[in-house]
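First chain A sits with chain B, and in the next complex the same chain sits with chain C.
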Partner chain A sequence: MGRYLLKRLSQAVLVVISVMVVVFVVTRLIGDPVAVMLPLEATEENRALLEAQLGLDRPILAQLGDYVVDAVRFDLGDSLWQRRPAMDVVLERLPPTLLLVAAGFAFGVLLGVVIGVVSGMRPGGWVDRAAVTFGLLGVSLPQFWIGLVFIVFFSVGLGWFPTSGSGGIEYLVLPAVVLGLPVVGRIALVTRSSMIDELNTQHVKDATARGVSRTRIVMVHAMKGAGIATITIAGWELIGVLAGGAVVVETVYAWPGIGFTAMQAIERHDIILVQAVVFVVAIMVVTINIIVDITYTMLDPRVKFDRVS
Partner chain B sequence: MNRSDHLLEIRNLEVVFPTREGTVQAVRGVSFTVDAGESLAVVGESGSGKSTLARAALGLIELPGRIAGGEILWRGRSLLDKRVARRIRGREISMVSQDPMASMSPILTIGTQMTEVMTRHLDIGRREAFTRAGDLLEKVGIPDPGRRLGQYPFEFSGGMQQRVVIATALSCDPMMLIADEPTTALDVTTQAQILELISSLQKDLGLALLLITHDLGVVAGACDLLKVLYAGEIVESGTADQLFHRPHHPYTAALLGSTPRLDVKADRLMAIEGHPPDLRHVGGGCTFTPRCPHATTRCASASPVLQPSGVGRAYACWNPLNGLQGRDPSHGGGRA
Partner chain C sequence: MKPVSPGSRSERRRSAGWLMRIVRDPTALFGVLVLALLVAAALFAPVIAPLDPNKQDLAARLLPPFYAEGGSSEHLLGTDQLGRDVLSRIIHGARISLTIPLVSVTLAGVFGTAVGLLAGYRGGKTDAFIMRIVDTLFSFPGLLLALTILAVVGPSFWTLAIVLSLRIWMVFARMTRGLVLSAREAEYVEAAELVGASPVRIMVRHIAPNLTAPLLTLAVLESAHVILSEAALSFLGLGIQPPQTSWGLDVAIGRQYVFSAPWLIILPGLAIAVAVLGINLLAGWLRVAADPQESAKRYAASADAPSAWSG
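Up next, the complex of A and B:
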């Protein structure tokens, strides 16, 4: 277990560094931050001065080297837009994102598992067909569009929830639901098909013959087996929600989290802040991956750390 | 409700499986009884309906299959009533199936899977159930039961796992054990041990045993009574001794001829030519006709019914073997 964790952690560090290098290079290819920061009438001298201040005149490899060394100390430089440490900005915006992601993800997983289990118990029934339709809708409708439709319908039309912003729990409901909908869809579809598989296994048939109750077969035998597939997908979903969904939903609802911040930073060519957001998200993603792998071994005794590593 | 003095009584059972290409008549009018302490083997080749029969005897027919006719009575109560069947399954009738490694969930411990049946059917707690499970494992010959209960099925060999399945089947002191090909998935030496175990438990505990198999070698020694199933029908029944030594039905004789024996020198085994009939299209006449060396024109047109011949013996054949006269005088021709 210890050796396995050590191996996974060193892999994780490598992944984060690779992501940082890619983002570093890409942000320097897509635009010139100096041009955005200076007024239109700025002279060549002004430009050169600012580039020198920001260190952007040095060779890119030297910049990258400094950058990685600083990043190890969690110093990602000052935000060009806010003129203060980028890390401070990210950490300040992180709690609202975590709240939104937790709410959306919990909604998605809970509803997805319930729908998946219920529809997997009687495949082909009307509950199942309704659930599959709902699941496919959740998976395929784009979030920015659902977000806008919900605002039109629930905020403007019915007036149940505020259109955007943050504050009390009423601000959280719409963005969390929109963030969780694709999760509901995918978790439901995966849980459903693994429940169907599990309920058709020989050991479930034999457990019935042995006299195990239907409730126990569904809740323990089948769900524990199906849980392995669901956890895998849930891990991926959490990553998707954190790294993708949150950016879209936070932008639609002006939710003051890191996703919205990333959008603002990109608009302002604040490459330092973009890098800081990516850095923090990358660390969370690799952490989630490790947690998912450890969860396997708790659910499936056939998977052992030493055999994996 | 029909009363019955037998433990298990199956009357004119018909089981069908609707498929896209037509309805498969898996079990066609089978009747038999099992009494307390009796050991009965049902022998037939793949597709003869023997496993369907085994599951039906537990009140379990999986969709799309359904019971189209007949009755299954357990001590006079119908197992077609799902509520009755649920109470009896695992409690009064239990089952051991073919592949021990597939028979239990790979992700739950042996202890959990042994005790979950007990805590449901017996009035005992988890702790007591675990103690009992340990005793049962010891009884079926598994050393160190305390440690074994915490292990998973994949940590057992096939033979050991089948012992666990047997122990679980016996955990609620059932009156009847159904063993559906209990040794087919095991290697030969293990097969003998498992059969020996089932036999001795059956005698010690006074269990009724319904053994389902394709292998006549398995029946010898394990069961007193024998029914031969062909194409969903019983074609011959009697004591194991009678059928082994003087089979009347040509199919029984052919099965015996295709079973390897150590005491008879044979250069090659006799295979039964041809295939079992397509149970979607069962016509009139004896279903064994196309494969039968003794078939006459009558066999193809009229279906012989199971006729008693002597105490506890019956066969369904127009041209029986071993000194019996055919029931049709015009065809006669007993072959002694």
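Up next, the complex of A and C:
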């Protein structure tokens, strides 16, 4: 277990460093960060000053070295827009994102599992058909569009929720639901199909023959097996929600988290702040990956730690 | 996935059978029809569209569509803030929204399949090295990284297509590798190796036929993802840029008129949803149809067998 964890941790560090190297290569070599950051009317002196300030006049390998060393120390430089350490800005905007992601993800997983279990119990029934259709819609409708359509109907039309911003719980409802909808769809489809498989296994049939009640069979026997598939997919979903959905949904609802901050930073050509967001998200993604792997390995006795690489 | 024996003389009869299967399956038929309609719209946009998508008419700004009060038949789906015809913009938008997935999925598919073939066939250290890179890329924060790259490099049709293909080629590599590994174990491949067939011949004659159907299904499924990503990136302002038209871009424009002209949001978004739904239905059906075991189960079943998606 200890060795396995160490191996996974070193892989995780490798992933984060690769992400940062990619960002470095793209921003320094392909793009021209100074040109992106400065206004069009900037003079040559302005350029030289900013280049010196960012250390861009030094050899590229020295820059890369410094950059990685600084990143390991959680120092990504000062945000050009906010004129303070970019990391401070990101950490300040992180709690709203975590709140939104937690709410959306919880909504998505809970509703998805319930729909999946109910429809898996009676494949072909009307609940099942509705669930499959719903799941298909969940993965086919563009998230930013659902967000805006919800604003049109629930905020502008019915006046139930504010159109955007943050504050009380009423601000959280629409973005969390929109963030969670694709999760509902995919979790429901996966839970449903593993539920069907589980209900057909020998040990479930044996339990039925022994006279174990239907509820107990579904809740205890089948859920155990179906749970593994659901947890694995849920981990992927959480990563998708964090690294993709949150940016879009936060932008639609002007929710003051790191996704919205990244978009604001891009608009203001603040590459340094964008890098800091990417860095923090990359760390969260690899952490979730490790947690999912460990949970998965502990739940499924068939998978051994040393065999997973 | 069970390897299928290579080469078949009854190709033609089989393709006729496929057509019948699609027609008999309402969900697949719907998917195919939607796609055909969109492809036709994209190909013949200038002929079909009632007006030039960029023609402004400030006297006819923000006209509602036909179903709303004050709608007219002149602008069936209404007009935007510059008086441009929404229907014409949606028809022309199909061009970008369908070419981007075509280009991205082709790039990603060719590159990913080549990498997967190399890893699967060479095995050993090559395989371990390639798959390590692929696994690492799977843990990248995709959309956020795409946004960063596009912000720095500058959004355009080609940067968008390339960035989107960079996000998905690993899926093809991983699948190809898995298929090659399982095909290599098949007895007919071993037999071919024993009689001294060259690696290239084994690859092309014996292994490649096993890859076609699953990779094609994957390509269809991935184009749905690419359409959604393109729309999201264009919506965020880092995808397609005006004067080109894209459904995602039009939704972004409509966002400022959420109170006065909701159709500017609803209609272009509906086009994205219908396109992705059609592709997903087709992909779900293909997945079942391309798998002989699934297919046997499905077509042996009664008329009210569950749809492709529940398979």
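Going forward, the second predicted complex is superposed on the first by the 294 of 309 C-alpha atoms of A that agree within 3 Å, B and C clash if a C-alpha of one lies under 4 Å from a C-alpha of the other, contacts with A are read in each partner's own complex, and residues count from 1 in each chain.
In the analysis below, contacts are C-beta pairs under 8 Å (C-beta built on N, C-alpha and C of every residue); 3 or more make two chains touch, one makes a residue touch a chain.
Computed from a predicted structure; not experimentally measured.
Chemist: Clash or fit: what happens to chain B and chain C when chain A is overlaid?
Modeler: With chain A as the common anchor, chain B and chain C both fit in the superposed model.
Chemist: Quick check on the superposed pair: does A:299 touch chain B, chain C, both, or neither? Answer first, second, both or neither.
Modeler: first
Chemist: Is A:216 touching anything from chain B or chain C once the two structures are fitted on A? First, second, both or neither.
Modeler: A:216 contacts chain B only, not chain C.
Chemist: Name the contact category of A:98: first (chain B only), second (chain C only), both, or neither.
Modeler: neither
Chemist: Please work out whether A:137 is in contact with chain B alone, chain C alone, both, or neither, and reply first, second, both or neither.
Modeler: second
Chemist: Touching A:224 in the superposition: chain B (first), chain C (second), both, neither?
Modeler: First partner only.
Chemist: Which holds for A:208: it touches chain B only (first), chain C only (second), both, or neither?
Modeler: first
Chemist: Tell me which of chain B and chain C touches more residues of chain A.
Modeler: Looking at chain B versus chain C, the one contacting more residues of chain A is C.
Chemist: Rounded to whole Å, what minimum CA distance do you find between chain B and chain C in the overlaid structures?
Modeler: Minimum C-alpha separation, chain B to chain C: 6 Å.
Chemist: Return the residues of chain A at which the contacts from chain B and from chain C coincide.
Modeler: No residue sits in both footprints.
Chemist: For the complex, which residues does chain A have touching chain C?
Modeler: Answer in residue numbers: 11, 14-15, 18-19, 22-23, 26-27, 30-31, 33, 36, 123-124, 128, 132, 135-137, 139-145, 148-149, 151-152, 156, 163, 189, 192-193, 239, 242-244, 247-248, 251, 259, 262-263, 266-267, 269, 271, 274-275, 277-278, 281-282, 285-286, 289.
Chemist: Write out the stretch or stretches of chain B touching chain A in their complex.
Modeler: Contact set of chain B toward chain A: 55, 58, 60, 62, 86, 89-91, 94-95, 97, 99, 102-109, 113, 116-117, 120-121, 152, 154, 165, 168-169, 172.
Chemist: Where on chain C is chain A touching in the complex?
Modeler: 136, 139-145, 147-149, 151-154, 224, 228, 231-232, 235-238, 248, 251, 254-255, 258-259, 262, 265-266, 269, 272-273, 276-277, 280-281, 284, 304, 306-307, 309-310
Chemist: So in the complex, which bits of chain A are touching chain B?
Modeler: Residue list for chain A touching chain B: 201-213, 216, 220-221, 224-225, 228, 299-302.
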